[in-house]
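Next, two complexes with chain A in common: one pairs it with chain B, the other with chain C.
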Partner chain A sequence: MKKFMLIFVLLLLSLTGCWDRAELEEVGFVIGIAFDPNPDNPKTFDTTFHIAVPSAFSGGGPEGDSGEGSPFFNITSTGVTNFNMIRDISKRRSRSLNFEHLKVIVINEELARQAFITGVLDLYTRDHEMRRKTHVLVSKGEAKEVYMDKLPLEDMPAISIEMINENYTKALEMIETRDIGTISEKMTANQSYLISGVNKEHREDMNISGAALMKGEDNKMITWLNEEDIKGYNWVMGEAKNGIVEATVDDKESFIFEILSHATNVNYERQNDQNIFNVLIKTEGTFSESWIPGLEINNLETIKKMEQILSKKIENQATSLIKKMQEEWYCDIFYFGPLIKRKEYQYWKQIKEDWEGEAGIFKEANVQVNVEVKISHYMTQEKTS
Partner chain B sequence: MKSPLSYSISPGEMCLTLVSMIVGVGVLTLPRALASEINLADGWISIILAGAIIILFIILYVRLQQHFPGETLLEYIGKGKVWKWIARGISLLFLIYFLCLMAYEVRVLALLIRMYLLDQTPSEVIAALMLLCTTYAVSKGTQGIVHLSLMFLPIVVFVLLGLISFTTIKADFTNLLPVMPEGVLPVLAATKVTLLSFLGIEILFFLMARMKKSEIKVFPLITGIMLVALLYLLVTVVTYANFTVDTTTQITFPTVELAKQLEIPGGFFERLESLMITVWLITIFNTISIVQLIFVQLFQKSFMKENAKANYIPMISIFFIFIVAFIPDSITETFMFGEWISWLGTSLYVFSLGCGYLYFWMRKKKNEKEEYYS
Partner chain C sequence: MYKKLLKKSKMKALTSSYDDQFEVSTELSKMVGFVQSIICESSDVVQRDIKIADKMKATLFYVNGLSKIDLVDNNVIKPIMQVTPETIDGMTPDGILEELSQHVVNLSSFSIHVSFDRALHSLMSGDTLLLIDGIDKLVVLGTRGYEKRGIEEPKSEVVIRGPRDGFIEDLQTNMVLLRRRISNPSFILQTGEIGKRTKIKYCLAYMKGIANEKLVDEIRYRIACIDIDEVLETGTLEQLIEDNVMSPFPQLMHTERPDKTTASLMNGQVVILVDGTPYSLIAPITFQELLKSPEDYYDRWHIGTLIRIIRYLAAFFALFLPSLYIAMVTYHHGMLPTTLALSIAGSREGVPFPAFLEAFLMEITIELLREAGIRLPRAIGQTIGIVGGLVIGDAAVRAGFVSPVMIIVVAITAIASFAIPSYSFSIALRMLRFSFMIAASIFGLYGIVISYILINIHLVGLRSFGSYYTSPFAPFNYKDWLDLLYRAPLSLLRSRTDEPKTLDDKKQS
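Then we have the complex of A and B:
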């Protein structure tokens, strides 16, 4: 028995070593990644890693040593595969890269147009360190540009982007955040999808709006959708959470409708070889700002009139996007296809392959949009004097 | 290795031991296995179906067991002259099966830990440590193992239910539609896969011998199977709802990935998959220690003399388990190995059950004859 005890004690001693020790001070946390095409060699691409310097975070240190140096640094590497570039950084900087806190991936528009996204997402969904919640954006212009300048309030530009991205409920011009997980879902299902665009026109400013339209069959970006389109998209998808609608009375005075609740119901029916989609947009909100002189908003008639103006406007936004998709780009970004799959599975199996595309069936689908707007209250002011 | 004879397993304990035996590595991969088998969202129906079939199997066995309380199935069969050799053969097969099963579980565990938790620690060390721990547990005998299961199971179920409920927040249950678009056939095809993840019921052949005659009842065991089926069902449904069926086919360990998906509002907790895997370690520990216990007892009874010293068997057994565990070279081979083991287990269960009934029937005939002549 004594012998055994001895062996156990020896085992304990030899097993206490930690193979996987990683000191926090020895790891470089990558918060953002940007992909750009390489100007010299079109076969390779540039990856920019946006790495946190925690000691320079404001309010981070106990001595309040903020302001000493930049709270982040960017480093760019060139190559044809992701992992190779990650390891390339190990040759050049002291700390090995860690992706557990990766928040944002920004892809240059030019790369997005080349089905580049499949390759990127492969590593970032395959590796266990990466999370499926990482946001993905497409940039107009250079992608690494977005990580260059610190924006006010947050320590790192990538964190700013992530937080701006999560404001999508407030702005009707933004789509719901797309993370790696959702994109890989769309990719495996061969569906067309949107990715938010990030736009950096001036230094010290950034703008997330519009979206890149990705075609389902080859994952190539085909065009940008502008802010007006995104509004329509949000209405059809039922994602206009808390945005506002600016409308005018007789093309003159403006007023604002703030959305409080919104739901869209899409009903699919197959009649006489026609695919009929009934899109019913229901929304309720408040009358929040008025530039109309002498408006008596507590009058039912007036409210009716306002509601009519609004529903017209919303209907226009939705139908114009649907039309654009059907006639110009032939992409079903509204997931009408899966709706058919749910209701008419046998029929869907036949047409699955030619649902989208120029000669596709989606193009011929009959989509009807109905809007019901309700102004439920008008805040604390009854009359504009 | 002798545990106090006075100890007998109560029905409730038996039920929970069964649950902790069945829930092993299966649930980590089940959603993917189902999704890639039929490529439809109907997997959850086949879980219910498989649960029903397993319940039927258990009812059949418990009926049989009631005729020979205090004995294992193989001891019962082994009383006949020719049957003795059949029983020996079956127990040899069972020994091989249990050995491979333990090896498989330990290998997947090592793989998982290497992948998600400790990527520098050699798999061999993880496997060896696990086996040493289970060997210690086995030295505490049946009572010890059963009570360990009782202690750990609530933690496991609690964490799993927590995982499920938190991930339903962002789930989209329309992913589960349409229901049975291609008819019943795919559901049946998937049932095959699901049946395999219910394996572990063969421990009843051995452990029910430790129950009192009056306590051999079907109902608690059925409750246990229903609990397992419910857990499987919820995990599968939530996985599909979170990832869609198409994506689930691409994810190696969907259940762990589900944990990775999870963010408690407020950003207070992240990296919940570490917690999940730690808890998973416990279930796999349970499974291995139960199997190892039965392995050791079976070996002793079938291939050793009554009074021979058996202290060293657990230690020798882990040596072989360790070697078998590292025979498959890659993750693909490991999963293939797992599939073979499952088929071996299923056929063994059905075969021994059949033998049991055949023997029972022959004995009844014989007794009737004797009565007739006397």
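Then we have the complex of A and C:
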């Protein structure tokens, strides 16, 4: 009897199985999504799904080259909510959409400037099928344009974007990739944050640089930060991993400093009712390229001079951005606020509401930037020719 | 259920005796009549009538081909015929037998029976039966000698470095192979008989002073309980004495290699040899021994370690790979890297079957090929391998029947299952693989995990002659881990494994 019961229970289990079964080849993998405003009806918006065509990926396939066609297709739907548009696609294309491999979400600048991002990202952060590693970007110009043309090397534009995005360590003009998980963290914490910008200038070129400044309290985009700003941001945040600094000697000859290591230490002190932040930027790297004629590279004095030029440059980049934030946009993108919270909790409780904003306390904070640059070696030759 | 069966068989008496029907008598013609009636019309039994000292009639029986004719002629018939009447004049029957035994027959084995059973069994094993008029005894003379295969390299367990001799079908030779490796008086080889009708000889071997006496007694007891007409192979014996009949896992290990057998003996295990088969049985075993090969110890420890790890990997692949493929393809698309997911999806484009059916078909095909390859003569067997592997695989892909990825999965699985040294263990994994595939097709990864847990529950409960089957994993023993996933240098392997429990734990001091 016991055995019968056991078999019976096991059979019952098999009834519940298979509910989410979907064969790999019967699924449409959405690799990228673009959100654009609808030109006809401002209440609705367009979602463009960037879907992979697997047969183009089979790598030769049985017949040699079955993958002749385009490796992706884009399909646009209009509506008020995301889920409705996803299901709309089910009516129009044979394969149901799957978001487990979603790489990139691109939001049109216009939509980002409205309080749009919370609503649009809600489904993509909370749904069980979504992954938190999806990169989010803001586009200058139409978002779906980004997915229109294949870039060389990668099969799909979305994959290209994702891979370019991960080059942020190489370029000082790029911020660290923002995935949907981090953004939703910032949104719930009401902190201001940056989202990388993507700019499609020509048909076969793309540029990921600059960033959209998102205000913490209402999640609206305020402005674009340009490349110089991003450099300063990376210095303050300690994210200038392996970028390069181009500097000039007396505004004439250029040279390149390649960053090997970088650490930024922010120290908070409260003195005489003043919030003092000491930002200490320490970096070490190599003297990689020189356009200076007759430079005595193995001379300690020369190296010292270079270091001074560099630290001045870095300091300028950092302070100008901090100033811009304090005086123009009143956004604490450097997370100085949480620093106060950690050190002076009682005080933070009082000022929490008034930290950012035009009359905020952040604006009045005293931020001092110190830079220590060290050129640790000068590559394989002791003399430049 | 099986306990009950076992009990039932124990209660039955082990009798199919001629002793109840026939009694020894002094009358030769009567005795010859008895023997003739028992062996009936068997034409391989030769009857030879002679006279001892010209007056006592005697009859010899021997089996043609089983007995050495040389011995029968020169050591039995000739000396008996040459006995002069004066020698046995006035002797009692017992006196005559004593005279024969001590002065006449120059054979090492001379025994006197009063039971037909024993005597006829010896006769059928190749001895010569001597009946003498006026003596109510059955005389058995050791004249055994028959054709046997020479010692060859084991076919099923090939090693690159290691001894090349293997067991053969003859029990005596096999015992010698072991004795030659352990010339220690405390190495015990005990013979006995199993099979109610066939009376096959078997041999129980163990190291006194290492092997646990209780274990030896238990094995002796289990063998004594066997009541079956024939035991032709150690495989039959294994099934009759194993702990859990329902388990897919082998609870005794068989091997053709005397060196592996010797190593087990030295580890305190008990070995059973059966006449007529080149496989020895080793009991008890633990799960991890099935993934060891004697070569692990012959090579230096780096090589041993590397091969061990590869073997565990092979066991993992053999068990899980097709089911993981099914789970990934049907449920967990997100777990594959994007490019891999897309290229698998691309290659499966146009395949008419769901992944489960596809995998199942291919696995069945591989099993078919394997079975056909074993049955066919060796020369054709290779052709089948090529035809099956290359032609069918390629054609199936070209026809859009299965995806190329599936072929890779099935091929790796098949190769992995061949890399496991124990054939019976690899069969166990093969069978379980199918249940994993079914579980994966219904529940995905969750099903695989549940099945794995169920198997583990079974394994930790399994015992082999009282030894924990999963030792040293489940009753954790850190010392044994030195010789588990990796093999530590020999200087560190100072003690025997935790299971089975032995009388002396140290093998190096």
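Just so it is clear, the second predicted complex is superposed on the first by the 361 of 385 C-alpha atoms of A that agree within 3 Å, B and C clash if a C-alpha of one lies under 4 Å from a C-alpha of the other, contacts with A are read in each partner's own complex, and residues count from 1 in each chain.
We take it that a residue touches a chain if its C-beta (ideal position, glycine included) is under 8 Å from a C-beta of that chain, and two chains touch if they have at least 3 such contacts.
Since we're looking at a predicted model, the values are computed, not measured.
By the touch criterion stated above, A:M1 is placed in contact with neither chain B nor chain C. In the superposition on chain A, A:K133 makes contact with chain B only, while chain C stays out of contact range. By the touch criterion stated above, A:L153 is placed in contact with neither chain B nor chain C. If you count the residues of chain A touched by chain B and by chain C, you find the higher number for C. Looking at the shared chain after the overlay, A:L300 reaches neither chain B nor chain C. Once the two complexes are laid over each other on the shared chain, residue contacts for A:K341 go to chain B alone; chain C is not touched.
Put simply, chain A uses residues 20, 100, 131 to touch chain B in one complex and chain C in the other. Listed in rising order, the residues of chain C touching chain A in the complex are 328-331, 333-334, 338-339, 341-349, 351, 354-355, 397-398, 400, 404, 441-444, 447.
By the touch criterion given at the top, residues 13-14, 17-18, 20-25, 27, 29, 31, 52, 54-59, 61-62, 66-67, 98, 100-101, 103, 129, 131, 159 of chain A touch chain C in their complex. For chain A in complex with chain B, the touching residues are 15, 19-20, 100, 128, 131-133, 181, 184-185, 188-189, 341-343, 345-346. On the side of chain B, the complex with chain A involves touching residues 115-122, 125, 129, 174, 177-178, 181-182, 243-244, 246-247, 249-250, 257, 260-261, 263, 271.
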